[in-house]
Amino acid sequence: MDIENGSQMIAALHVSDLSISRGERRLFAGLSFAVKAGEAAQLTGANGAGKTSLLRAVAGLLRPDAGEVRFDGAGGPLDAGTARSGGVQMLAHQEGFRPGRTARAELTFQARWFGASAEAVTAAAKRLDLVPLLDLEVRVLSAGQRRRLALASLVAANRPLWLLDEPLAPLDARRRAQAAEIMAEHLNGGGLILAAVHDPLPVAARDIVVGAAA
Amino acid sequence: MSALLLLYRREVSLLWAGGGGPLLACGFALAVTAALPLAIGSEPVRLVPVAAGTTWIVLALASLLSLERLFERDHEDGALDLLALGPPTLEAVFAVKTAAQWTAVGLPLSLAAPVAALSLGLDPALAPLTAGAAALAGLAFAAVGALAAALSLGSKRGGLLVAVIALPLYAPPVIFGAGTVTAAQEGTSPGPALALLAAYALFACALTPFAGGAAIRNAQG
Amino acid sequence: MPEVARSYVEYVAAAWGISAVVLVVVAGRALVAARQVRARLKELEDGE
Amino acid sequence: MFGLANPERFMRFSAPLVGPLWIAAGLLLAAGSWLSLTAPPDYQQGDSVRIMFVHVPAASMGLMAYAALGVSCLFSLVWRHPLADAAARAAAVPGAALTGLALITGAIWGKPMWGVWWTWGDARLVSVLVLFLFYLAWLALRAAIEDESKAARAAAVLGLVGLINLPIVKFSVDWWNTLHQPASLLRADGPSMTAAYLTPLLTMMAAYAVLFAAVWITGVRTEVMGRRLRTLRARRAMEA
């Protein structure tokens, strides 16, 4: 983890007594769990149980009704703002790429926005076999190709905490194996993964049930 | 290269290339200017007194053009969430977007402004002053307009809502901007008006990022 | 003694008339809304 | 002020106030109207001076209402005060109505005084017009966003920005007025403030203020009861 690009070392994520509601409806309450470096956790629960909202609350994009999200760095507790702006990257249903621009421009922007170096971006693109697609507009890419682009951005930026919302959904079997490899490598390097899933993650992961069991 | 510079280059290339690029803004400005003589007649005695005023109305309306998409597209693509998670704060992201809006729409319009004013009979010697005042006013329009765009995130009638929110707040820059040129036309010094215009533009640039950041967080969470 | 200006009574009537209408509408709207929500609330609480 | 943060205490605190406020508003309006209509006509303007007794209170109350709206937005944004959005909404509609009323009565008053229905020459009228635009912008934003809590917070930001910009806009309009001094129009500054006019005017201003307070507090109470109704219904639906 080179600090030079502003990335922030995160050793642990603590969620304590979290409760989130959408409008008047309470999604879940009193949820607590922790994820340590090298660990993965997967959120299971029915559709609309609040898995995505939980990810967004951890990312600081959504304000919970009650409860707390805390991050620990190597040397003890971290300020949530710095931890998030330096150490968290999210992969949501929409990958955040502008359809009208080329894959190269959007991948480069997004990865470097999260602290990747130019070399890391080209290496990640090569690894995900994206080079032939780079000069195409994002609009013409398939959902699977766009998801690989987002995975390349994750690999290039290499931020410690990955928040993944059904990461493997649009990928075919071959690409899922590659994603598993990437996730395992991330965990061995001391990274953390918190993912909302319907089918289990391809790496060892603890189950966290959100809301009513599926 | 710092993250903000990366974002600035992306935003400018987005605004400059497709959609509401400078060509569209200047085209709109000149089209509306051309409508005036068609509406009220070609005699200079009618046009010259309103040349400065019309130019500022045209500047204000033209600067509204690409505002609606300034945040809406990123919001729809899911990019706004990622921008919030990056190293810079949302306030900084907002300021960069305002700067991009000024660069891609405000500055080109400040070149179109003297052309529009001259076509309506403004004294050519006032062209540089008009361009300068238009650039300053453009900065105010960009900052307030960007805030209006951020506030109307999540509403269905985005474009119209941006105008209804922004235009009352455009009153001071329109008054001071047009006032600068009118003062010069009447031979008095444009200094005070220009100073007030600059003050409002800087005030808007200082205030709107905080309001804009809050508006974006509100639309996200 | 300048000639007393026309009394413009019709302007006064118009101004006061419109003011009265607007004030009554604003006040009425507030009172009616209050009464309605109180009634519905009582109806629900009694039904409990 | 923080004590009123929770709705229950506000409801208990405001309950005894509502009745007397409405009664006081009615009495003051009656007294003010009688005083205004029986005051001697102005030697220069004749009876049209009586329009001032409805114009000035509406304009000043429209401005006060926006201040109430702005402060409510501040409480809603900074302290996430649960009642603040209700207070803002309850102030916005009457505020906009009063400001609109100030514009209409201003125009009617302008006809005898300046011979035109609407004059851009009077800086005060123009600032009231811009204030009216601020209200429209607030109401439009509040209505345009479906999600209730998001609409409230976005409108709170705009309300606060508006409050900060109001004095600036007022200054820029006054400055603009000096720049474009309409030499041709008769520059009447309105009737001299003899005692005969001061009492009715002050009574009417008090009447408008008390009326606004009554409408505002009633509005907030309605909002609180409305929210209680919604949660009751939501719970009822869940049990069903």
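Letters A, B, C and D mark the chains as written, and numbering starts fresh at 1 in each.
As a convention for this text, a contact is a pair of C-beta atoms (placed from the backbone, for glycine too) under 8 Å apart; a residue touches a chain by one contact, two chains touch by 3 or more.
What you see is a predicted model, and the numbers here were worked out from it, not measured in a lab.
J.: A-D versus B-D: which interface comes out with more C-beta contact pairs?
T.: B-D is joined by more C-beta pairs in contact.
J.: Can you tell me which chain is nearest the middle of the complex, judged by mean CA position?
T.: B
J.: Report, in whole Å, the distance between the mean C-alpha point of subunit A and the mean C-alpha point of subunit D.
T.: Those two chain centres are 49 Å apart.
J.: Using Cα averages as centroids, what's the distance between subunit B and subunit D in whole Å?
T.: Measuring from centre to centre gives 31 Å for this pair.
J.: Taking the mean of the C-alpha atoms as each chain's centre, how many Å separate subunit B from subunit C?
T.: Chain centres of subunit B and subunit C, defined by C-alpha means, are spaced 41 Å apart.
J.: In whole angstrom, how far does the Cα centroid of subunit A sit from the Cα centroid of subunit C?
T.: The mean C-alpha positions of subunit A and subunit C differ by 57 Å.
J.: Identify every two-chain combination in which the chains touch.
T.: All chain pairs meeting the touch criterion are A-B, A-D, B-D, C-D.
J.: For subunit C, which residues count as touching subunit D in their complex?
T.: My answer: residues 1-2, 4-9, 11-12, 14-16, 18-19, 22-23, 25-27, 29-31, 33-34, 37-38, 40-41, 44-45.
J.: Once bound in the complex, which stretches of subunit B touch subunit A?
T.: 1, 3, 6-7, 10, 13-14, 18, 73-74, 76-79, 81-89, 217, 220-221
J.: Within the complex, which stretch of subunit D touches subunit A?
T.: 147-149, 230-231, 234
J.: Once bound in the complex, which stretches of subunit A touch subunit D?
T.: So the residues of subunit A in touch with subunit D come to 23-25.
J.: In the complex of these two chains, what residues of subunit B are touching subunit D?
T.: These residues of subunit B touch subunit D: 147, 151-157, 161, 164-165, 167-169, 171-172, 175-176, 179, 182-183, 193, 196, 200, 203, 207-208, 211, 214-215, 218-219.
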